[in-house]
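First subunit A sits with subunit B, and in the next complex the same chain sits with subunit C.
Now for the complex of A and B:
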């Protein structure tokens, strides 16, 4: 049992790597798509709506399977440059996680944009500030602050979501836990340790978000 | 009587009835994803060599049976936790597993083989037809050496927690890049997609897949037996369940004598894999 602990800690690094890379890519996607969502052009905002509708409306597991096993069966994908990335389980997981968290992040940011009081924007305009500067200096900072609690939730959900990487052969925390169980036949002990590591990570994320909320409160 | 009281009484009675109905049933766990050993037909019904054999053995034991589905990687823990009483899931008898559970005598033999897609550079490797790892003779060592150099730098795929994974990680074929999957279906899919250069499983698992899917999957290298590959496939039973173990051993004896195992094996494998 004790000998399996270093293996689980090693796997935790892979879990954290998956989480951080997909959160960064997902945040960029989320910002882009939330800006598209509040755009007045119907084609642009319908497209962004469709993206978030699809990725929020289907299970993450199904998305990973479509990207990993589904796309891998198509000949024209295998012969294209995309296969360089799609061949590797790591990139398939990153793509699925990023697109998924990107969709949720775009919704979180969109609703944050919508809660900004029109008075603040009007105040900016009445002072003769350019609308571009209003957007970057007033709307975006307020939206980010407003969305912090919901985004913290999303990070925690994503942390647990990374456990699905084990279904596409990646040896993340859950994958290694399952592997240890398959050789020791002791599911309860191993899952309790793995669960404890997830809880600890959640604790860290929770406190980081709380700290940021305090720092940027107004 | 109030509605709630009536309802809970009804619930209690039905609970009691299910428990007593299950009490003398032998529950047999199988994976349902390893054709032709055990799999599911289009309607979701469990079929395959072991499913049919299980019903036959139960008839000889003279008790009612129920076949329960269980994911492969949780098979032994599920048996220990009494989710079912016996495993019939193409599980080879190995020393490692015998530390956790008992096995009946073997009822069928499984040879393992490597498989590649047609056109792979591994198609040309020349080894003997089959090697038995129990006795590492000079010829066996020579074949393992050939395999070690042929597999270097290749991604070798196999199902998790199997004898095949144990062999690949045993060092007999050097340090290689092993990728493990939850089911054999997934191994087959990634062998076809090209993510795996080569895969290892029961030879029949590949020939069955090649036949049903029409994909050009071909067997290469020797067939493997003995050593890490264990001593045939048997019924897995909890260590304290000695009565059930005896009953299964007797039933297997009878089924073998009456030719049932051979008949069912020939039906599902196309050859007599009984032992």
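Now for the complex of A and C:
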């Protein structure tokens, strides 16, 4: 149990790396798509809706497999520059995670945008503030504050989601845990250590979000 | 399209059976989850600190640990645990547990943790007057629970339970690592033997979308049915 601890800690670094990179990319995607969702043009908002519907309606495992096993089958991808990324399981996992968390983030932000009271925007307009400034200085800060609790849940879901990287040969925390279980055949001890690390991370994220909520409450 | 033909030449019938398997595992898991929720929701709501602690441990640990890790625990540890219990009763042969049972049990425990939270929230949002009124009327405990609290709780819980169902349905894809032939596993087999992973995994995605779409339709109907009179 104790001898497996350093190995698992090392693997935690990979989990954290996967989590942070995909959260950053996912956040950017989420912001983009949530803006597309509130766009009046039906083609743009249908496209964004389709994106979020697909990625929220299918298991993350399917998405990883399509990207890792599926895309390599297409000749034009193999010959393009994309292949540099798509042949690495690490990048495939990151692409899948980012697209997935991007879909959930866009939903969270969209509902946050919708809960902003129209009076605030009208007040901005009647004060003669440009609509761009209204968007960046009024709508976005309020939306971010509104969506903090839901986004915290999403980060925790994503932390758990990174465990799927082990299915495409990446040795993240779950991957290493499975390897140790199958070589030593001590499932319960390893589960306690690896599960404990995950719980500790969840605990940290939970408290960080709580702290931010308090800091930006109004 | 010939890849999806029914019969020996295509994968249509195999994938169809696999879809039914996914549904069967999801429904069994959801049901096991309800049983767990039935045990842990009262513990969560009770005034006893010790019971609270047990229930909180269950929901926090299960919801904070990746599903895959829980499945590995059951897959590798399940038969060992059963054999240990059996050896107490003097049975020392090797016991192998069916992948369906381990899988639905693992997913069931996960879905139970979410269901517990949903039921707890639903009961807590029932108006206090309802509890007091049934006490004042002197209703017996079972009648109070089944005729007064339960119908109101179900109505409030349905929208959130539909989320739990979606999570459970998607989590069953993870059981494919234990070798149970559901949609993911069958697509993996088909992709391996035809060397056409893109097609089969995309088709698996379509099947999952179809399942989530149809279950949403069904749940919406239930919601309308149970909110009659409100």
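The rule is simple: the second predicted complex is superposed on the first by the 218 of 218 C-alpha atoms of A that agree within 3 Å, B and C clash if a C-alpha of one lies under 4 Å from a C-alpha of the other, contacts with A are read in each partner's own complex, and residues count from 1 in each chain.
Rule of thumb we're sticking to: contacts are C-beta pairs under 8 Å (C-beta built on N, C-alpha and C of every residue); 3 or more make two chains touch, one makes a residue touch a chain.
None of these values were measured; they are calculated from a predicted model.
Peer 1: In the superposed arrangement, which partner chain does A:141 touch: subunit B (first), subunit C (second), both, or neither?
Peer 2: A:141 contacts neither subunit B nor subunit C.
Peer 1: Looking at the overlay, does A:87 come into contact with subunit B only (first), subunit C only (second), both, or neither?
Peer 2: The answer is first: A:87 touches subunit B but not subunit C.
Peer 1: Contacts for A:167 in the overlay, against subunit B (first) and subunit C (second): which applies, first, second, both or neither?
Peer 2: The answer is both, since A:167 touches subunit B and subunit C.
Peer 1: Now for A:183: first (subunit B), second (subunit C), both, or neither, which partner does it touch?
Peer 2: A:183 contacts subunit B only, not subunit C.
Peer 1: Counting only touches as set out at the top, which of subunit B and subunit C does A:78 meet: first, second, both, neither?
Peer 2: first
Peer 1: Which partner chains sit in contact with A:149 here, subunit B, subunit C, both or neither? Use first/second/both/neither.
Peer 2: Neither partner.
Peer 1: Which chain, subunit B or subunit C, is in touch with more residues of subunit A?
Peer 2: Touched residues of subunit A are more numerous for C.
Peer 1: For A:54, select first, second, both or neither according to whether it touches subunit B, subunit C, the two together, or no partner.
Peer 2: A:54: touches subunit C, not subunit B.
Peer 1: Let me check the overlay on chain A: which residues of subunit A are in contact with subunit B and also with subunit C?
Peer 2: The answer is residues 69, 73, 167, 178, 181-182, 185, 187 of subunit A.
Peer 1: Going by the contact rule at the top, pick out the subunit C residues touching subunit A in the complex.
Peer 2: 60-61, 64-69, 72-73, 76-77, 80, 170-171, 173-174, 176-177, 184, 187-188, 191, 195-199, 201-202, 204-205, 208-209, 212-213
Peer 1: Can you tell me which positions in subunit A touch subunit B when the two form their complex?
Peer 2: 69, 72-73, 78, 87, 89, 167, 169, 178-179, 181-183, 185-187
Peer 1: Flag every residue of subunit B that touches subunit A in the complex, lowest number first.
Peer 2: Residues of subunit B touching subunit A: 73-74, 76-77, 80-81, 96, 100, 160-161, 179-182, 186, 189-190, 192-195.
Peer 1: For the complex, which residues does subunit A have touching subunit C?
Peer 2: Within the complex, subunit A contacts subunit C at residues 53-54, 57-63, 65-66, 69-71, 73-74, 156, 159-164, 166-167, 174, 177-178, 181-182, 185, 187-188, 191, 194-195, 198-199, 202-203.
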